[in-house]
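Structures are listed in the sections that come next.
Both complexes below contain chain A, partnered by chain B and then by chain C.
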Partner chain A sequence: MNTSVGYLKRDDTREMVEASLLDEVSDSHLSMWEASWSPAMQSFCAGRPLADRPQDHHWDWRRKAEGLLPLLGYHSFALLCQNELQGLMLINDLKSARLASQFGKPLAYVEFLATAPWNRPEMHQRPRYRGVGTVMVGAVVELSFELGYSGRVGLHALPAAEHFYRDTCKMTELGKDAAHQNLMYFEMTENQAEAFRQRP
Partner chain B sequence: MKLNYSKQWYEERIALEGDSEVGAGCLPAKLENIEKTNVTFVDTRIALGTFVSLWRRNKGWDAARLAEQAGLDPQEILEIERDPHCEPEADAVYKLSIVFGVPAKPLLELAGLIQPRTAGLREEAVRFAARSESVAALNEHEREAFEAFVAAISESIPLKK
Partner chain C sequence: MSDEKRTMTLNLTPREMAVLEELAAAKDLSKTGVMKLALRLLQAVDAKVRLGQKFLFEDEKTKEKSELIMV
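On to the complex of A and B.
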């Protein structure tokens, strides 16, 4: 298991703080999810109608990790900061690109990406840390390069996150995917990945 | 895999991220989309929920026991049983089919997770849901409807293309 140093921004002090990105979700990370992340999510959702709950409210990360990680082609990442789990991501490297300019070429596909409940502006007026999405997209881009996929990335964004992938990460929007719950499908090209690696 | 971005890179990128939500994956419950585009699944999901409820009651199980057997969250079982606007996850339906001992495909069809392929399933499901009342124990009428539906699922015939 490799650990990389990344940075998140504390919302209260505006400080940049070191975070650890581990390229394998372990049982201890899943235990952290069960001990703090999942109860925080359940607490937020209690009494709220389904439509008002976060769109990933009942993702069971233990089930996803235990079901998918033994399979060929799956990679997982856990982001920790100050001994707390801040984000999780599962990636599949067996998918291929749909965008005409890179059609059929392999890419790193983000199966699931989520940030911890306490980092979400939609759940807390003062989220604890900002930047989980940035670290995770940086990670999948680097994984794509490491796999020899030249930075190509694909994902289906949850509706509330479309803005992030379209306008912040500058990924190409390929339209709503009827075969995937009508979620917007995005791809990052080789050039877009190189641009993402540069300072904005 | 190693990250090699500078602290300044993070600072500038995080400023751009701002208050954005960042989730990617699939929706657990897409209420708005269902209401706009998938209204037709509501009646089959009612049948699916009724089937799940009757199956466990027929066994004398509560939702927690069924959840334990299927490796699911009890809340997920209750949402499948009670909320036809909630789209179950495909692996949850698959696990339930294993516990129930019936083919997964008809259940996935009822959940609206795959395109309808089974002849007469929708009609059978609506008929089944209409005959079933949500009461504590199965009465003879419900048991008859339940057994007929299990047979319909188990002997389902794919639609001709």
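On to the complex of A and C.
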């Protein structure tokens, strides 16, 4: 397991703090998810109608990790800050691109990406950290380059995250995918990946 | 990902090499990249087949399905 450094912004002080990005979700990360993340999510959802719950409220990270991580084509990342889990991501490297300019070429596909409940503005008036999604997208871009995929990335976005991939990550929007719960599909090209790497 | 690497030699027939080179060009990968992708893909398909699932292709226009038999 390799660790690299990422930076998150503390919402209260606006200062940048160091976070550890691990390129493998371990059993201890899943235990952290069960001990703090999952209860926080359940507590927020209790008594709320389905429409008001976060769109990933039902994601069971242990089940996802145990089923997919033994496969070479799947990669996982955990982001930790102040000894707390701040984000999780699962990637599949077996899919191919749909965008005409890179059609049929392999890409790193983000199966699941989530930030911890305490970092979400829609769940907390004062989220703890901002920037988890940006660190994670940076990680999948680097993975894509490592795999020889030239930075190509694809993902289906939950509606609440569409603006992030469109406006912050500058990915190309390819329309809603009827075969994938009608979620918006985005792709990142080599040029977009290079631009993402060089953003301040 | 672990940094530890092991080396192997792969002997291919000219026809196999031609296919490998063609795939490498089409997929924008190195020849090693194609072989590694093939390994990951075969493992993923094999895992599904072991669970009793079928490997199907569907024609987007006609919706006709064909099954690929895995050995």
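Keep in mind that, in the parts below, the second predicted complex is superposed on the first by the 199 of 200 C-alpha atoms of A that agree within 3 Å, B and C clash if a C-alpha of one lies under 4 Å from a C-alpha of the other, contacts with A are read in each partner's own complex, and residues count from 1 in each chain.
Definition applied: a residue touches a chain if its C-beta (ideal position, glycine included) is under 8 Å from a C-beta of that chain, and two chains touch if they have at least 3 such contacts.
Here the structure is a predicted model, which means the values were calculated and not measured.
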Partner chain in contact with A:2 - chain B first, chain C second, else both or neither: both
Partner chain(s) touched by A:47 [first = chain B, second = chain C, both, neither]: neither
Residue contacts with chain A in the superposition, chain B compared against chain C: B
Touched partner set for A:23, first chain B, second chain C, both or neither: both
Residues of chain A at both interfaces, chain B in one complex, chain C in the other: 2, 23, 75, 146
Residue ranges of chain A in contact with chain C within the complex: 2, 23-24, 70-73, 75, 93-94, 102, 104-106, 146-150
Residues of chain C touching chain A in the complex: 1, 3, 26-30, 33, 37, 39-41, 43-44, 47
Contacting residues of chain A [partner chain B, same complex]: 2, 4-9, 16, 21, 23, 50-51, 53-60, 63, 67, 75, 110-115, 120-122, 130-136, 138-139, 142-143, 146, 155-161, 163-165, 168, 180-183, 197, 199-200
Chain B residues within the chain A interface of the complex: 1-14, 16-33, 37, 71, 73, 75-76, 79, 83, 85-87, 91
